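Chains: A, B and C, in written order; residue numbering restarts at 1 for each.
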């Protein structure tokens, strides 16, 4: 507690870094995955390459991915851009499958009924498919949120600042309080963002409580 | 002969499935336990092969208390048919039928050969032998379930709503075949159903059960139809309904049987 | 490190390092590091499986303790692996024990969840049928429940294996072991080529393990569901892991 009160401002700054490095890739992953998942659900030919590709991508461990991504996009490995790009890739890898399952779960009859009522394709997507896919989509988004927040910390070993810095600093200098603070805060951030997603889901989909993971 | 002597079953938590039940089922007879869901009929059935042990009272087969027998051996000596077959989804039809004989040490080859004979006996094409359960229709799966129950040539068959999951036309067919199979085999059969028509179609003796497995009436189908013991039985069998109150009308020199709504249901045989 | 511009050269450097026979000889040779990484990960997985599979099967079989498994798996995903490694490292010292223990802790939840979910997904009617025809409890377990549960169970092991290989890389941060050493050595000497070489090796290793588990899983699926199309292999894994 003593350590924490003396280092409050550092911890605060790291927390902000952590939030940015978590929220940006989550948002980007949603933007990329929803259309890709829709494609995978609607077009058989797109499905296999998309799901296989993202599945293999997900198998690559995080630290190596950071190191491989950096030279590919031409930024230093410690740059926030590296972390954001790599974590976006992970988010996409998880969410594309979730989104494909979600859109695949919309009953065909419902879509036919929507067509019969005169929805244009675009309107059908926004008013029928997306809302009905929502609950399943939300449950895989929750997985992405929690694992992204946790993965951000790995960037600390290559020098990208986040709550993970409390682990590396704490380990180098032998301060247990630093590591414990980092652990607790990371878990708290993960659950807080998860709670926000669940809440947003309830507001957006009042007809159904979120599907629990 | 199967004998229930004052059996009672109370589940942990205090719910009583069977209050106090006594019954003797003679060998080679078909006894049908009929009642609505939750009346304890399945619990009674499962006491026979020790899937459930009574809290008090005894169940005995040919005078031997089943509790003195090893449950696994007991179950292998009794055929059991479940709803939708309860077949093993990862084994072929022939392997499913051969399961108990193989467990009992018969060679797989011989057991599979016997299985083919059993499949024919229950009216299945032996070409189905190497398929998996999911590739068969509900009615076919049910027949496999019967063949599997017969595989160890048991004296007793327990049937737990075996035809509940198939459509009415297939169910009629299965009931008819079961009657002819029983005429040939003469097993002692305990049959559980919630369908009173099925009970009347199959039972030598029918037991109408209320909650707690209390016997509301016991008798042949004809006796129960002729004289329902009380209101409960009357309403359960639908006594007094249009379907059960038939009359004869003479039409063109034949006696046509009509129901309470004057809808014809058949003619009297000459 | 990795300045903008000559980035393709870094990959060339990494590959040159990997192809250099000198990298494959001596005490710190790449071959040795790969073996170290595999042996370490394999041992962790074995210990996790020895604890997690029986426990998960028991929970799935009896239905008792399922709340615990669900809480454990969703909670475990939130725990940062690096945090766990460093705190174990501080508490237990620089030996191999700290990362080993931390990795077992991380591998347990997916193994447990896979075993539990696999056994629980087996149709009760099928088990009831097996019991009714006189299969012993042991025969039901080995002949019915385990084969039918195996695709999901292997899915859990697969998640755990990837988690372990990934975290074993990070483990070099607190203890000198495995392929992670190449990465941290490169980091210290500012040799991006070596870092990249280590990263490519770990990625390759992870992909090979992933493909092996995929093959095992679809073989198990074919046995459990002989006629239907193979189960979507990603299902079991969506629930757990945090590379």
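The rule we apply is simple: contacts are C-beta pairs under 8 Å (C-beta built on N, C-alpha and C of every residue); 3 or more make two chains touch, one makes a residue touch a chain.
Because the structure is a prediction, the values reported are computed rather than measured.
K.L.:
By C-alpha centroids, what is the most central chain here?
P.N.:
Going by the distance between chain centres and the overall C-alpha centre, it is C.
K.L.:
Report which interface contains more C-beta contacts, comparing B-C against A-C.
P.N.:
Of B-C and A-C, it is A-C that has more C-beta pairs in contact.
K.L.:
Report the inter-centroid distance (CA atoms only) between subunit A and subunit B in whole Å.
P.N.:
Here subunit A and subunit B have centroids separated by 55 Å.
K.L.:
Could you give the separation in Å between the centres of subunit B and subunit C, each centre being the mean of its C-alpha atoms?
P.N.:
Between these chains, centre-to-centre, one finds 50 Å.
K.L.:
If you average the CA atoms of subunit A and of subunit C, how far apart do the two points sit, in angstrom?
P.N.:
Spacing between the chain centres: roughly 21 Å.
K.L.:
Which part of subunit A faces subunit C closely enough to touch in the complex?
P.N.:
Counting only subunit A, the residues touching subunit C are 51, 55-56, 58-65, 67-68, 70-72, 74-78, 90, 94, 97-98, 101, 140, 143, 146-147, 149-151, 153-154, 156-158, 163-164, 167-168, 170-171, 174, 176, 179-180, 182-183, 186-187, 190-191, 213.
K.L.:
Can you list the residues on subunit C that touch subunit B in the complex?
P.N.:
Against subunit B, subunit C makes touches at 123, 125-126, 128-136, 139, 144, 147-148, 223-228.
K.L.:
Where on subunit C is subunit A touching in the complex?
P.N.:
So the residues of subunit C touching subunit A come out as 1-5, 7-8, 10-11, 74, 77-87, 89-91, 162, 165-167, 169-170, 173-174, 180, 183-184, 187, 192, 195-196, 198-200, 202-203, 206-207, 209-210, 232-234, 238-239, 241-243.
K.L.:
Please give the residue numbers of subunit B that touch subunit C in the complex, ascending.
P.N.:
Of all residues in subunit B, those touching subunit C are 49, 51, 72-78, 80, 82-90, 99-100, 103, 131-132, 134-135, 145, 148-149, 158.
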